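Following this line, the structures themselves.
There are two complexes below, and they share chain A, which is joined by chain B in the first and by chain C in the second.
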Partner chain A sequence: MSNSVSSTLVSLRLRGAKLVAPVLGFGALAMIPYALTLNEIHLLSAMLIFGIFAMSLNLLVGFGGMASLGHALFFGAGAYAVGLLSFHRDSGFALSLLVGLAAAALLALVVGFLVRRARGTAYLMITLAASQVFWGLATQWKAVTNGDDGLFGISSPSILGWDFGSTVTYYYVVLVVVAGVFVLLTAISRSPFGYVLRGVRDNEQRMRAVGVDVDRIRHLALVISAVIASLGGVLYAYQERYVGPDVLAATTSGDGLLAVALGGGAVAGPLVGGLVVGLLEDVVGSYTDRYLMILGILFVLVAIFLPRGLAGLAQSLGDTVRPRRRAAEQAIEQRVEPAQAEVTETEGAHHG
Partner chain B sequence: MDYWIALLLNAISFGMVLFLLSAGLTLTLGTMRLLNLTHGSFFLVGAYVTFELERHGVDLALAWGAAVLATALCGAVVFVLLRPTGEDHLRQTLLTFGVLFVIADAALVIVGGDPAILPRPGFLEGTLDLGLLDYPKYRLFLVAVGLGMAGLLFWFQYRTRAGMMLRAVVDDPEMARGVGINPTVLAAVTFVVGAGIAGLSGALGGVLLGAFPGVDLQVLLFALVVVIVGGAGSIGGALAGSVVIGLVNTVTIAFAPGLALFSMFGVMLAILTLRPQGIAGKALA
Partner chain C sequence: MAEPVLEVSGLSKSFGGISVLSDVGFSVARGERRGIIGPNGAGKTTLFNVLSGYLPADAGTVRLCGSDVTTLPAHRRARMGLGRTFQIVALCDELTVEENVLLGLVASNRGEWRLLGSLRGRRGLVERSRELLSEAGLIDLREHKVKAIAYGHRRVLEIVMALTSRARVLLLDEPAAGLSGEESLRMIPLLERLDRDLTIVLIEHDMDVMFNTVDRLLVLDHGTILLEGTPEEVRSSDLVRERYLGTQHAAGAGS
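What follows is the complex of A and B.
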């Protein structure tokens, strides 16, 4: 009895510790513009936007176990909605935002049917092929998309007469959206939907057996993740005031996967990974032409040496520095062990 | 009439290049459950090695041989790099994507950004009188090579012990392991040979498809669609898929060039809806 009380206390303390880091992190992000030049703030906005993209992709890859190579399609849908509406219609922010989110949701609905039965490599192939088609469309349908030249003429974003296009204001808007997405994804990960999604990832058969509509859960995860990605795309378009086919390219999807893998962890990991990849893109790109080579080598190194990302690395470092905390966490994990042991025992039955 | 026959021959010769391109990809998918994103890079390497060697006065046949060997070597390197990633799709994807970047950038440094015009051997210049029409010799040569390679791979898969083992691994890796087949050795050989064939497709097919920065991703998309349509892990499927995509692509380019990508996607969509495992494939895990 006293044992369970003390472990509940430890668990509460750990949960508190988990809250401290994000609060400090977002606090620092809110203060940091005072120490930066306008160019640096602009870069930080770009990094945060990429962080949104990485977080959205992680809902699919990390929570859902669906490694996708076509997520740029949804980011690009948001960006191109802004670009096309500005270029051809001179529409405002609110309409572009709505159209962007709706377009991504619609595309995700369609792609979701295509990947309904796909797992693993098939999922990668179909998502990659789908996104490449739209990339091809963006480069080749010049009358509408202006081809490789891309779409210019995106005006400063404003809502109800409030213009928030200046670098610093826009940074804070982006930061608020990032914080909102962060909270939303954390909430999703702790919701019943989040648990079921992870259950589908870990043991699809079992989830089916307990009556979960696996197809619908996977489809829903794709749509939610696509809508969040397109939000990043909309912000991207207003940040750069330009949209080109690169946002739809496979390399964008790949960079997203790199951010997810580099970050590791649940919600914060991919955000940090996204910030790092966003920073690298800019810094490496401005110092050398061999940007692609360096990024490629980074992909390879992360794949080989960082199986659980920076979060995994931090955890193993933390375990060496603070062994007692690790012991406490293990004690909590052990409370659920009997149930898990039962799962692994019966798991062999499915593989026939 | 001539026009239609020429169009059909164009489609078939293009399909044969697609077959050379996708044979390795489909076998790796079948044996290793691995989506190898560097497969398009092998095409690029094959094309560029041929281009560079021929430019420096090497005999074309030798250059083709060197292109195949160079890509097979690239394949071996990628295979070794892939070992630590196990069966984790995310890590496999990252790794092969990274190698794709590295090869693309290295190619940019060595060959430069201008499109490479690939050489053709002298005796294959010009056209051959087929009775009904004159048709370019080089394209007929491509058809011959493609069919020859298909025959070779069929013979290997259905008439040799190693081929039998390969089919066993594609069907059921666990059982194959259980009866004493070493899937790793088999996977390594498949991977390296598949890379070599993709290199050949670059050396020969680069004349049709071009060789330029970005072609790696472009041909990777072709190969993906062929494999999805044909079914993963099957040589027959790759052949069927290649001819179908070759036809669809050639006909759309002839009549509505802007729709080429969409027609390919349309076929893929139809296959995924009606027959998700592809024309000849088994459901991918």
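What follows is the complex of A and C.
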């Protein structure tokens, strides 16, 4: 009885420790606008939106082992839903949001059938091709998409008469959505589905052998990931009040992959990676047109020096700084189950 | 004889014109331990892959507990009670030992679609996984990532994984492959302790493991059944000695 109580205490303490970093992080993000100019707040919103994109992509790449080079398609679906509905119909935020999410879900359903049997490079190529088709439509079908000029005339977002388009208010709306996505993806990462997805990544054969319909698990992961990415796209369109073909370009997908690789880890890593890549894009882009080259070099450096990303780096640093605390935690955990230890000893004697 | 749970008839499979299985038929009764032996390339693993749905059959039928499963995909057969292990260990390397077991358990309850609620917080599953891991002697390793545990332990976990589903028939593909002599001897009590209601089909080159475990043997050669019988009958068969056991023992004497 006391065992289960202390075990609960340990797990609560462990869980509490894991909560500290996100709470501090989001707390800082909530406070920081007071120290920033409007332009900087605008940039921070853009970075957070890219963070949503990176987190969504990581569900596919990090959890599911499905490296997609076409994730911009879903981000673009959200953004273009807003752009098209504003440009042609002057629709409001709520409708644009719903259409954006639904369009991404539908596209993911279709693309999901195309990549059912595809793995590795084939998966990269098919997703790239699918997104390029829509990038082509965005640039060429001028009557609808206004081509390279893009779609403008997106009015300030409002819902039930509440206008939240001012830079600071919009920043907080974005922050709340980011926090929501963060919580949702953290929940998914701990859920049976999240683990099965990682199981599929590690060993499809094994998952089939325990009765998992691998194809459908992968398909659902793509749809969830696409819907979250499109949420980022919708926020992007209202942030910039403009949507151009660039959101659908392969470089957007590539930036997302870089953010995921840079961040590493489960949910927080890709978010941080997205923030960093979003910042770099803005800073480097303002000095030079060779933005892609710089990011390419960064990609190579990450692959060589940070194979587990920033999250991996943080973990190693944490382990070096607090080895004693870790050891203490492990000791407590082990002390919790003396019953099991006895069973194992008997087992051992039996074998010997 | 108890009712058959696995019935195979007229099973054939060829790869690019090369026949790997031709007209294979046999049936295994409930609770029976059936061994399959034969030289390399006899078609043993291919037979397992066709039985479990990893490869489609060219001809013939596979019946599991009375229903025809010949065209069902692997995961459907698994849900109907067909568990299997792989010759090359197939585990989730980046997850811990316990997480692997929990995955198997959650899938057997059709829980893999739950997006909310913690997998590791599901009391019933955790208890069952600790039971299974204790029985298999892996309990101390439960928090280790699979990629960090010894090969012999992975072999044992491979069997535990097959037990996580509500398997009624277990196909074990060389459970002792790559193990040292001592390690493979430890595999014997593990196999003996398995529920007597469980039907087991075993491929194994280690004859100590094989003759200690099975009730009946099936000898495959070039994709056809050479002989079916008790271990004694097989051991005393001149044909088998000449084609398989003789060369195997001679070749395997050093190992």
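What we mean here is this: the second predicted complex is superposed on the first by the 309 of 352 C-alpha atoms of A that agree within 3 Å, B and C clash if a C-alpha of one lies under 4 Å from a C-alpha of the other, contacts with A are read in each partner's own complex, and residues count from 1 in each chain.
Here, a contact is a pair of C-beta atoms (placed from the backbone, for glycine too) under 8 Å apart; a residue touches a chain by one contact, two chains touch by 3 or more.
Quick caveat, the model's predicted, so the values are computed rather than measured.
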* Asked: If you stack the two complexes on chain A, which partner ends up touching A:A209: first (chain B), second (chain C), both, or neither?
  -> second
* Touching A:I188 in the superposition: chain B (first), chain C (second), both, neither? -> second
* Regarding the shared-chain residue A:R308, is it in contact with chain B (first), chain C (second), both, or neither? -> neither
* Determine, under the contact definition given at the top, whether A:R241 touches first (chain B), second (chain C), both, or neither. => neither
* After lining up the shared chain so the two structures overlap, which partner does A:R198 touch, if you call chain B first and chain C second: first, second, both or neither? -> second
* Structure fact -> Max touched-residue count on chain A (chain B vs chain C) belongs to chain B
* To do: Indicate the residue numbers of chain A shared between its chain B interface and its chain C interface, in ascending order.
  => 351
* Asked: Which residues, counting only chain A, touch chain C once they are in their complex?
  -> 187-188, 190-196, 198-199, 201-203, 205-214, 217, 220, 224, 333, 340-341, 343-344, 347-348, 350-351
* To do: State the interface residues of chain B toward chain A in the complex, per the touch definition above.
  => 29, 33-35, 37, 81, 84-85, 88-95, 97-102, 104-106, 108-109, 174, 217, 221, 224-225, 227-228, 232, 258, 261-262, 264-265, 268-269, 272-273, 276, 283-285
* **Touch list for chain C against partner chain A, complex** => 52-54, 73-76, 78-79, 83-84, 86, 90-95, 99-100, 102-104, 106-108, 110-122, 130, 134-135, 137, 139-140, 143, 161-162, 164-165, 186, 189
* Structure fact -> chain A contacts chain B in the complex at 61, 67, 69, 113-114, 117-122, 124-126, 128-130, 132-133, 136-137, 140-141, 250-251, 254, 257-258, 260-261, 290, 292-293, 295-304, 307, 351
